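Okay, got some structures for you below.
Consider the two complexes below, in which chain A is the common component and chain B and chain C are the respective partners.
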Partner chain A sequence: MMRKILLAAILLALAQAVFAEDSEQNEFIVISKAPNEARIAIPIFRVEFQSRQGFDLGDELAALLGEDLERSGFFELVPRPSFLKPRAVLGDQEDWQAWNLLNTQAVVRGKISELGSDQFQLTLKLFDVASQNMAIGKTYAGSKPSLRRMIHRFSDETINWLTGKRGGFESRIAFVSNKSGRKEIYFMDSDGFNPVQMTNTRKLNLSPAWLDGSNLYYVGYDRINPDLYLLNIYSRDKKLVSTQAGLNISPAAGPSGKKLAIAMDSPGENLDIYITNPDGSNPLRVTNNPGADLEPAWSPDGHYLAFVSDRAGAPQIYMIDVWQGGEGTGNKPVRLTFSGSYNTSPAWSPDGRYLAYCRRTGNQFDLYMIDFQGSDKRAEIQLTSTAYNEEDPAWSPDGRMLVYSANRSGNYDLFVISIYSKEPEQISSWPTDETQPSWSPTLYEKGG
Partner chain B sequence: MSATLATDRMAQPKLGYFFLASFGIHVLVLLALILLSFKSPRPNFNFNVMSVRLFNPGQMPAGAPEGGSRAAAPVKIEKEETKAKAAQQKEDAKAGKRSLAKDATKEDISKSSGTGVTDADRKRVQSALSEIAREVGRSDQAGVDGEWNALVGGINADFEKRAYYQRAAVVYRQNWIAPVSVPQDSNIFVRVAVRIDIEGNVIDYQVLSWSQNPDFDRSVKRVLDIVKKLPPPPLPSGSRWLTIGIEFTPAEEE
Partner chain C sequence: MARKILVPVFLALLLVFAASCGGGAKRAIDVAQTAIDQAKEAGAPQYAAEEYKSAEDYLSKAKQQFDERDFRPAKTNAVAAKDQADLAKKRALDRKAAAVGGEKEGIAEGRQPEDLTTDYNVSSLSEQPAAIEDQARAALKDVHFDFDSSEITEENRQILANDVEWLEQNSKVKVTIEGHCDERGSIDYNLALGERRAKAVRDYLVSLGIDHRRLSIISYGESMPLDPGHNEDAWAKNRRAHFAISK
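Right after this comes the complex of A and B.
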């Protein structure tokens, strides 16, 4: 008996010895760090041709890149006065120690050269200070007006370097403005530059919605009846898509542009949601309710439609699984918003995680998001909280920013907001009302 | 006579059992010794969690630690330092004093001397900590923080090893950019094992578990790819490399 006990004790001791070594040798260092903006330095780009205008161009384009990156919410600019090298514009050999002292994680160097009459070449390089290597190197060529677009493309590349997913700056925003005295459709670059008037019908034009980077739907009153049009922004050709007597409003192009959701007056009834082909043919009724149903928004996989309905008395946001058929077949929509007496303008983020919308509190509108993937199911996140109206949210193609209209300066202007920094920035400043923005897909992907 | 023979016959099997048991024990001891002395060429990834939690150099005050010396449980350090203390430390730094931030730190060491820490150990720790103070950060405060952090946290490793972990963590932390799209309040983490040779070169790494958050995972992957060189690790004679486990996790805003 004693021997058994002795044997067991020895075995136990041996086992302890073996496992004790494991526990001593194998341990984790816990490195905990708050997510934060990456610090990036953008010295003035080098201009390799002689003119005062050339120097301004180097400054202007470097500033534009900085504005893009700051607006994204991912980057913080290292202030130029803090650069340790006065010849920052010229440095071919980076002083990594100096950048480290400034706690800089990336440096962008740019060079502009003239290729010929109104033809420029822009070379941009992003250096990763930690690895002391060039992480991105791009050369673009084109006319002077296209320089801004080159910068937007490089901004998207830089965001891709940091996050693994391209940004959405190389894109356009369509909107409605009454600048000409009537509500017409316009579009501009994602940063508010280069506005172009697309319609000039001197009638009412509303609700622009991009089908792709070249075509957009809108509601026009050319024929008195609010009909749905599809407009090519390059050729300016437009064609009628839906002309049913009564309302043809709230267009929303489905994923890949294969389907279109619109709100139409059902014969003898009220406003309902329909799904049609992109050209308006073969309409299928989705909602079937005595209340008014409008403002459909597709989930990115085309599985669900969010929409606004006043079936419960006041406008609220609902969701329906369109793969299960229409409401008339017993497929009941699910109500998504319960707080607030007035919730409208749903917009699904491209990754499907968020549903942005507009809520009226008292007499003013603010922007909110439902987070479908948060730890709290369907947690509501308030994006804006001001004394003004913030309305009509629309997602950037990368799903990190929203454009919306707000009346901060008395009239309605367009603003963009990063869902991370939640800091709005005004991108239009006409004295008229600019509303109902719609953000295009990236031109990089769509070849627009 | 017959009774004696009978007793001897009965004793023979017992003797056999005894030899068998003795042989078995010897074999087991030999096996155990072989196991203990054998160093696997592959890193062993069966890690416990070590309790070094590194705060931002330059911001982490030299306050008292909450935790003691429990193994396998992260120690949280509260930011409690008053402005007066910070000002005092700045003055000390200007005066060239690079002593430990708080007397309590020294007390911890002296207390531990009663539990087997020798003067040689203490000197070794002081030497390691002085090195951290030089390397942890650019400011004196950062150096003090490094010293303090190196002392807290109940880890089983010896002081030298602990100090080395701290220095390695500083390198990874400095080069890690967790983008703003990573949720701060989530409990996500990425665990990796990194193999370092005797000169401090990172031989390779293996991700043990991903967080499933694409942005967070990518940020960790990036820093793992970037860091190629660490300070030379304290290796026992005969060892060619050290494997360290690192857990990356997002923190609340600093």
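Right after this comes the complex of A and C.
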């Protein structure tokens, strides 16, 4: 009894400390089912040109913005039927009182106009109800297919307004699909739209991993041996990166794309982790153990690699300090997972706080995270617990969401989950297996 | 009914107990010793000297490890000794018979199979590759594994003994050993596991005397299932090492 009281007191003190520290920043305080979701209203965007299709466009784009913001876990949409009262007055004047009555923190108004043939202009404004001011105002121009991307960019701006950190919706997700009968590499927008097939070798293609917004590593069996390739998604040129006899797998680009970590067969031995230049040159051996070492995942500062090893029998996740060089008597990998007999697929969050991974329990696979900064040292957080499998976690560039593959419908589809709302949303629905997603960096900086 | 369940459970417990205190290793050493004695009787020291010596070497290593209480490697080496001894015995008997026949017909011992292959090549050059592939498909059986395991089980050994026989009879043929997994688990980890399975089979074949230059390996992980189902039956079929003729 005494112990329980003491524990409660300590927890309370800790909680207060955490809240005090983070009171200004509205995130990373707790991961709970219901973070303080801001209520936002997004009336249908005004379409300023004559076209039946144009009216649908205003509805579609407003809905897309709503989906992004809800998916982020930071916003709750004010339902459309509640909008009857508030109306936009001329200029930037809103019916503030009505929005206040609806507990609305922000209102987004949009208008679409036609500039020429297949050239559109999208103007979006976010109004802060509390200050009765326009907080964000943006005008984008481009062809029809680029309209969705404008919305994603504005979603990222809106998340930045609320949290002080940009969202990651303006990005792409690469994955493997056997839609054509063989496993080939594809990518699509972060919301599942505009899928594009990248390889068509009719052989096996696996494990895509972005180097930057336009280049992808993947494993291909073109020359029978599983070699590592680097593919430019615009020119579709591909270069061989690693061709060691045996496996060349698990590519992972390091911070700023300056290094590449892979798993490769050490001649006469077995699978080990290597760090190479981005083009595969100058491989340096990291692990040195009779077990198989694979699936390296960089810490965001490039200081550590998390990886999977079966050195203790079953696959478990370890971590090694790569600034100290390779594995040796002075640099032993630290084991991170102790529960469960099968832990794989580590993925380090971009802020370094979490390591997401996949655990097998019986015949079921679920997603977990290690919290490196929790009050409990390396606390484990279970992200999913369903009757089907969740596997292959990969972080969004803003570190707030994970994409993963799950066989909820029998076959594997891709899903995203906000680590705040923990509500999964399906983003692919082909009848085939879509697996091994990799989330690109944000495309915003490049502007392309 | 209860008895039917109890007996295997009791036996299993006994086995576990025996293995943990080295009884398994001791028994394997005894079995290997018997096999070597039989090989000797069959004339192995003369007719299959290499294999016979290899069996003796494995056994003495096993005995040494057993004395040092290294039970697990001791058992592994004892099993290898028995396999080598059985092989030595079989080859000795075959060669002895061939030698007796050969003396009668004046054909030098041991050259017969190779000459036959050469003749075969000359007589039907164009058809030979396809025919060999068909033969291989029929003769070289897959071996199967437990979940997350690459262990060559007793059942696998029997299958591989037949595979070895075919490989010996077709000494010009090179094969690729493909390692496969069931769909459960990480795709990359299954690539590593598939490779481990292919390597385990290769190493076992090499230990039985197949030239390692004739054997290459490749892992496809879980990506080339034999049975596309999502149940234990399909998974069991898919956890396999498969032989393909190398081009």
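By definition in this document, the second predicted complex is superposed on the first by the 399 of 448 C-alpha atoms of A that agree within 3 Å, B and C clash if a C-alpha of one lies under 4 Å from a C-alpha of the other, contacts with A are read in each partner's own complex, and residues count from 1 in each chain.
What we mean here is this: contacts are C-beta pairs under 8 Å (C-beta built on N, C-alpha and C of every residue); 3 or more make two chains touch, one makes a residue touch a chain.
Worth saying up front: this structure is predicted, and the values here are computed from it rather than measured.
By the touch criterion defined above, A:163 reaches chain B but does not reach chain C.
Of the two partner chains placed by superposition, only chain C is touched by A:247; chain B is not. Within the superposed three-chain model, A:136 lies out of touch with both chain B and chain C [touch as defined at top].
In the superposition on chain A, contact of A:345 is made with chain C only, not with chain B. Of the two partner chains, chain C is the only one that A:206 touches; chain B does not reach it. Look at A:410: by the touch rule set out above, it reaches chain C but stays clear of chain B. Partner chain C is touched in their complex by these residues of chain A: 176, 183, 204, 206-207, 224-226, 246-247, 249-250, 263, 265, 270-271, 292, 294-295, 308, 310, 314-315, 342, 344-345, 358, 360, 363, 365, 391-392, 410, 435-436.
Contact residues on chain B toward chain A in their complex (touch as defined above): 18, 21, 24-25, 28-29, 32, 35-36, 44-56, 71-72, 74, 138, 155-157, 165-166, 168-169, 172-186, 191, 214-215, 218, 223, 225-226, 243-254. Those residues of chain A that touch chain B in the complex are listed here as 3, 7, 10-11, 14, 17-18, 21-38, 73-74, 101, 105, 128, 130-131, 162-165, 375, 400, 420-421. In the complex of the two chains, the chain C residues touching chain A come out as 148, 184-189, 191-193, 195-196, 217-221, 223-224, 230.
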